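To start, I am sharing the structure in question, which I have written as structure tokens.
The chains carry the letters A, B and C, assigned in the order they are written, with residues numbered from 1 in each.
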Amino acid sequence: MLQVLIQGFLLSGLYALIAVGFTLIFSVGRVLNLAYGAYLMLGGYAYFYSVQTLGMPKLPGFLFATGMGALAGVLMYRLLVKRLKGDQVAVEISTLILAVVIQAGVVLVFNDSSKILHPIVGGVWRIGSTTITNNILVAMVASWIILGGLLLFVKKTHVGRAMQAVSMDAKGARISGINTDRVNMMTWAISGALGSVAGVFFASYTQLNPSMWVAPLIIAVAVVIVGGIGSIVGTLIVAHIIGFMEIITTTFIAAELRGVFTMLLIIGVLVIRPQGLFGRGDL
Amino acid sequence: MSSLLVLDKVVKRFGGIVATNGLSFHVDRGESLALIGPNGAGKTTIFSLIMGEHRQNSGTIKLNGEEISHLPTHKRIQKGVARTYQVPRPFSEMDVAGNIRVGMMPDNLWKMITQSADPDAELTIARSVGFRDEDLLRKPSELSMGDLRKLELARTLAAKPEIMLLDEVFAGLTVGEIEQISDLLAQKRKEGLTYIIVSHDLRALEPLVDRAVAMTFGRAIAEGSFIEVMDDEAVRSAYLGQ
Amino acid sequence: MARPLLGWAIFAVAMLLLPQFVSNGTLRIIIFANFLAIFAMSWDFISGKTGYISFGHPFLIGIGAYTSAILSYRFGMPVSLSIPLAVLATMVGGTLFFLPALRIKGTYFALVTLAFMELMYQLVQVIRPDLTGGTRGISGIKTILSGAAPNFYLSFGLMFAIGLALWLLSRTRLGTALDAISMNEEAVSGSGLNTTRLKLFAFMVSALVAGLGGAFYVHYLGSIAPRALFDINFVFTIIVSVLIGGSATIIGPIMGAFFMTFLLEYLRPLLPGSERYLVYGMIALVLYVYQPKGIMQILKNLSLRTRGPQTGRSGNV
């Protein structure tokens, strides 16, 4: 029981981290970025390349990965999303295509075999019979810190409030003098950075391979759909529902069915309550 | 003579806001009625209730003596009522003829497959709202606001309604265009079309209607000939905002 | 009407003569293109026409393929019976697929279909692996014909019949009504049409085509495995074929499927691995952002430019 509890919290923390960047884009830009999973992949591979191939220290490697994610976000916004002028379905289709393109790019550079990422933080903890790697513990703590920081950023800073304004009413924000284009670009950059940070942790939790973007994308989608549009707190709650259900399914039913609940949740919520369980919250 | 459309004590609430509050009125066959009132009086809500885009909380809506409140939108159109929208909503990638074609279609999959479209009937309807023959091939993106309103009228007329609900047909039009649409409605009225019309352009409205109902805050406050209603004390104060 | 039909006839004759001129290897590539074209047309009939984007089309294709594979391999049923049953099962699955479309559209609908596909992928591996073969799938499934040329004729015949039927269907007023749904669904019901019935019809036709394609495909390959089938890359290939060719046109998806298949094949010597998807995806992306209506529209624009604007009334295609 204790084990389920601990593992549940650890996994949910990771899932919240994975989902939050996706939520951000959805609430500010009103589009679903299906290439979001590719940020995680880029982050993971960038960290792998800089630390395990070039032998850079971990911190600069981490920053490099974050920067790559932010850059990818800005490029996606500039070259793709902005051109499609908020046509949601077109953005969805083109980001899906882009994700496959990035996947192919990764294969081209790194080939398609799986790679193991060394833990970012070594060592283990023991609580009773349960073993926890420091790595995932750090991921969970980082996730909480990042979510808290993001909440503060959105509520307290000028840029954050501008993001909030755009998320509530883009037209209104534009009329009151907010440069929505810049706010959008910032949001895409932050989302990309968050995605690649999540990617480094996610990759060290599982492994690196060119199709690793699909699973986290689906988790992010589920969290956003179930939590309702762009609520950071909703993101946190739903990440825990999904994380715990996966651990419970794996422990008590069958490991292969771990994702089934997530899918049923997506389908059920969208069909029965399309606005999400927690409705339309602000950021 | 029984009335074509009868609303009886219709109440519609959106959350805590009461959009129509026990509204009753009727329209006789061949009659034209103006629905007037300040912004937010509930005029457009009435239209969406009649069309079934929203359902009323209580009260009845009868068409030809038959209760239609339980019917979905497309069934109500088949029963003989149709509306236009304040903001025209054409099929953006179809030309004028295509838009009218959709309006004329029978609601029957088999007939839709086996019977081909009738270009002559499309042309007749297009001409009846004042399109020239060469306009049939134009796309909505090439049309002026006045033409878009005409297209909206044509598409609605194509469904052969007994009663039309016209929502702000003069909004955003030039003086010349208002005159055109106005002439068109006068013509249709002469041909026996029944309609309810909502507009802020009271001057354009006056010659087009037999009767008016003034409403504010979801209630009818005056009813009678257009002149009577406009002279009504309550109506004046509602329009001037007390 | 007469000129496009002549085009179809020329297309048929050219393709039927093809085995005389090309190698078996090329024929096998075209067989794949034929199946891809079938799947692309199935997608186009829901997503291109009505605008309800499906990201989970392999869900439908998979029902068709698995049903026929299981019935013939596990229960020894003849293909002449298992395929019709598979198509029926796919249409039942299509009804399931349709339910969300009653309430949601756009982005959300696309995501539900994606979830349907992933759900199917996981369930196929866990529920009754004795029937589905679990993660490994099934191999040794009965094939209908052997040899490249007979299979080419079969797949082409199927593709051609489906293509012609869908093309004729979309030229009727029903096709116009479905197009109208993608532009403004409320206005369609505002014209007195039952949009639920129209959409259900589109879904049923699409499921029928997906089921036929899936079933025949599995009896061509002789094997089936969940990973290759319920794969986002497969969805990608289908959607890109349609978009490149031009959606809601039926002919477009056929052109797109052939174009994409040959592009992939010609890139094979240059880029042997899955890197080909890089070039392939880039082309698709640039084309999509530049001209979302695909090759069909580019060709149309070109012919307008060279021949001048057409006179007289054109049908809505």
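Definition applied: a contact is a pair of C-beta atoms (placed from the backbone, for glycine too) under 8 Å apart; a residue touches a chain by one contact, two chains touch by 3 or more.
Just so we're clear, the structure is a prediction, and the values are computed from it rather than from any experiment.
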Problem set entry | Chain nearest the overall Cα centroid | C
Exercise. Which two chains does the highest number of contacting C-beta pairs join?
Worked result: A-C
Problem set entry | Whole-Å gap between the CA centroids of chain B and chain C | 42
Exercise. Just how far, in Å, is the C-alpha centre of chain B from the one of chain A?
Worked result: 48
For this session: Return the distance between the CA-based centres of chain A and chain C, expressed in whole Å.
Result: 32
Seminar exercise, completed: Contacts from chain C onto chain B in the complex sit at residues 169, 172-174, 176-177, 179-180, 183-184, 186-195, 197-198, 201, 313-314, 316
For this session: Quick one: which bits of chain B touch chain C in the complex? Just the residue numbers, please.
Result: 51, 53, 72-74, 77-78, 82-83, 89-95, 97-98, 101-103, 105, 107, 109, 112-117, 119, 136-137, 155-156, 158-159
Exercise. Inside the complex, what are the residues of chain A that reach chain C?
Worked result: 32, 80, 83-84, 88-90, 92-94, 96-101, 103-105, 107-108, 111-112, 210, 214, 218, 221-222, 225, 254, 256-257, 259-260, 263-264, 266-267, 270-271, 274
Seminar exercise, completed: In the complex, the residues of chain C that touch chain A are 51, 53, 55, 99-100, 103-104, 106-108, 110-112, 114-116, 118-119, 122-123, 125-126, 232-233, 235-236, 239-240, 243, 271, 273-278, 280-282, 284-285, 288-289, 292
